[in-house]
């Protein structure tokens, strides 16, 4: 992504609907050559469908993917530390240097303390990094909304990785989240996550008011990731 | 506190203004005989001034103090676990059994993950425990307010234990917190904490709109804890 | 346990074989009246069988049990902090004040960092608290032995709470642990834990060279805890 | 480092003495272009002095440095998780994929639980990754030695970053560590760390029996990192 500026990437990214792909730490899918292939598949699908796709690879893949692929790249997390003597910790500056233009925070597999989440969101804003915050219930979503992230993803943890889609098994979690969140932060786009494995699940989420989806294993571990991404992106019916 | 019921203690407690005493883990002050003496001093001061005093001793002192003293007793924390195979962890049920009628959560020395804080607040409500949540900035206070605790205490961590009172050094932290919190949760009583060492500091907090204070070392390590409590309680000008 | 001194309790305790009862945090078994009943049952069984029984209740029950029962009481854990501004954390001094004469450290449900474990063991020695350290494999047992605890308990975590006794399902874990540990620390008594539910399981552990057992749910949640304790204690064939 | 195999890198690396450079997370020194410059300076110094130099950059720099520089590269840490659904965590497989041939574990800024440290060391061995374990005292060093790492570094945390060299301020920490470690694991090479800022400090460590040093800020934040590396490497008097 050497040919376009950060400012341009921001423009691409914030066009809804959004398909955010969390690579997690699957082996071998999330690392090395496999991760790059997945990123290329997403790039191709983004071009063809016009949907905004965010790539969220592990720390170790951030630079290679952000330098090779013309899609916005987010880190999966950053640690609540300032640069300095912090062996094995990743301050926000590290992912910025590696080419990330945003960061996922508070994923159910990497929850943050409230005070740290708040501090990291302020720091990300100050440094020009986009933020996507995960939450687990309508109420924590409301609390997260008060912290003013750029994007929120509601993911009931009990459905993550199950193939039981939140958008169909628990539609009320999405609608209540939208209702609670928008009382506090009316413009905040909300993505749906957890158990989403098909275009139908995506379409259901969009119909409920979600501005996109956060997906992991259904794409990352798919037999054909490119086809799965196209299936999901197409279900968002973007204004091309 | 064997002679009055939980319901009665609730009534006592929620009368504002409130002086909440966090015993922390000072040695020897916070433990054993010393802790009981401190609790007795608070009981005497509460009777004389009419101010509601909440005692917040370590886990190991909860039962003795709640059985011996006629004041509401809160735990300093509870762990985000359900009862079961959790060696060395304290579920909410443990402090309830030991006589606590409330719990302090998210103190700056014991921050909780947003999801855990939200879950513990729901559980405390369901089990009839009062909740006092600490926060560090106006923004995290707003987020905490969305989680509907019974009481909130704003404590800028950089002032805790310094003797520099938030109510005088950073009055805007209190007023902004009140403003942000009440947009989301208009009835939530806000206490002020951090650096409060005198009746004047307390009075300043009350004038700014705080419904009380959360104090630790200034009382716990005072030469004469009773006098210090009376000084602070008197500065709240309660409706006796 | 007001009538005998700490020194006397030590003597009682270090007589092998040892039956250590970890109350964990079961509800209602581990708390309040139920916890005290369990402790009394253990006291009676200890008198009748002559076996040394160590009680390991939650923090909130330490004082009541150590004041009411004539058996050695250990804490389930202590936090690696010095006394001071540590809201909701329990320094070693807290459990000492509450009547504990020892502490369980590094249970599989509450693992410690190597440096903290080492530091806490030194501190416990300096303060006169007995120590019982848990470990999960022969190799970590060897490492733990280098830190010179008073007692070690080998507990393969995958068997904890299963009812599949380490002493019968994985006897080689016990014998290899004894072999590795005694190369480094020849006098260290090793207890066996995990999945032990009957006198037969206890007897098997003793035959393999264990100096006792660490038991939780099989006793704590037993229909008749007293009978279960007697069954296990009797299986140790103490030199009365 | 595309031209030589992992097996060859191992040979280079295990030749003592060793200068291990922990990049930590200093900004801008530890990241991006600056990190690569530092790595190149080390490469040049290694060629000129014949000393084995290990580079230990942040996760985000692992691949670039291991692909560009002909020196062994270690990760600063790996998380105790298996590959899978672990957003923002780095399993050992991730750093292996990124070109690391070893891993630093249990640094004082990133301590591990004893059981996790033991498990990660076994896993590293099984996967062919070298291991360098940090410890803080002679006793924890003995415990760590029982876990059979490839290299050990003794670093009294109170000296890290101070410029007060362990080798001169606390020589007995090094000699006692050697003595304790070699009782348990006679062949284990021990490096010295903490406060080392000059060739003299390095020479003092070598004279005490250390097989090398672990250095961070003194090199990473040096005005001229190349000169500092040469100064330290030269002080090791390698058998060229």
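Points to keep in mind about this one:
Every chain is named by a letter (A, B, C and D) in the order it is written, and numbering of its residues begins at 1.
As a convention for this text, a contact is a pair of C-beta atoms (placed from the backbone, for glycine too) under 8 Å apart; a residue touches a chain by one contact, two chains touch by 3 or more.
None of these values were measured; they are calculated from a predicted model.
Least step count on the touch graph, chain B to chain D: 2.
The chain with its Cα centre farthest from the Cα centre of chain A is C. Of the two chain pairs examined here, A-B and A-D, the one linked by more C-beta pairs in contact is A-D.
Here the CA centre of chain A is 35 Å from the CA centre of chain D.
Residue positions 108 of chain C each touch two or more of the other chains. In terms of inter-chain touching, the protein chains here make up one closed cycle, each touching precisely two others. Applying the touch criterion to all chain pairs gives A-B, A-D, B-C, C-D. Chain C makes touch with chain D in their complex at residues 106, 108, 111-118, 122, 135-137, 139-140, 142-148, 184.
In the complex of the two chains, the chain C residues touching chain B come out as 22, 24-28, 30-32, 58-64, 75-77, 81, 83-91, 93-95, 97-98, 104, 107-110, 160-161, 216-217.
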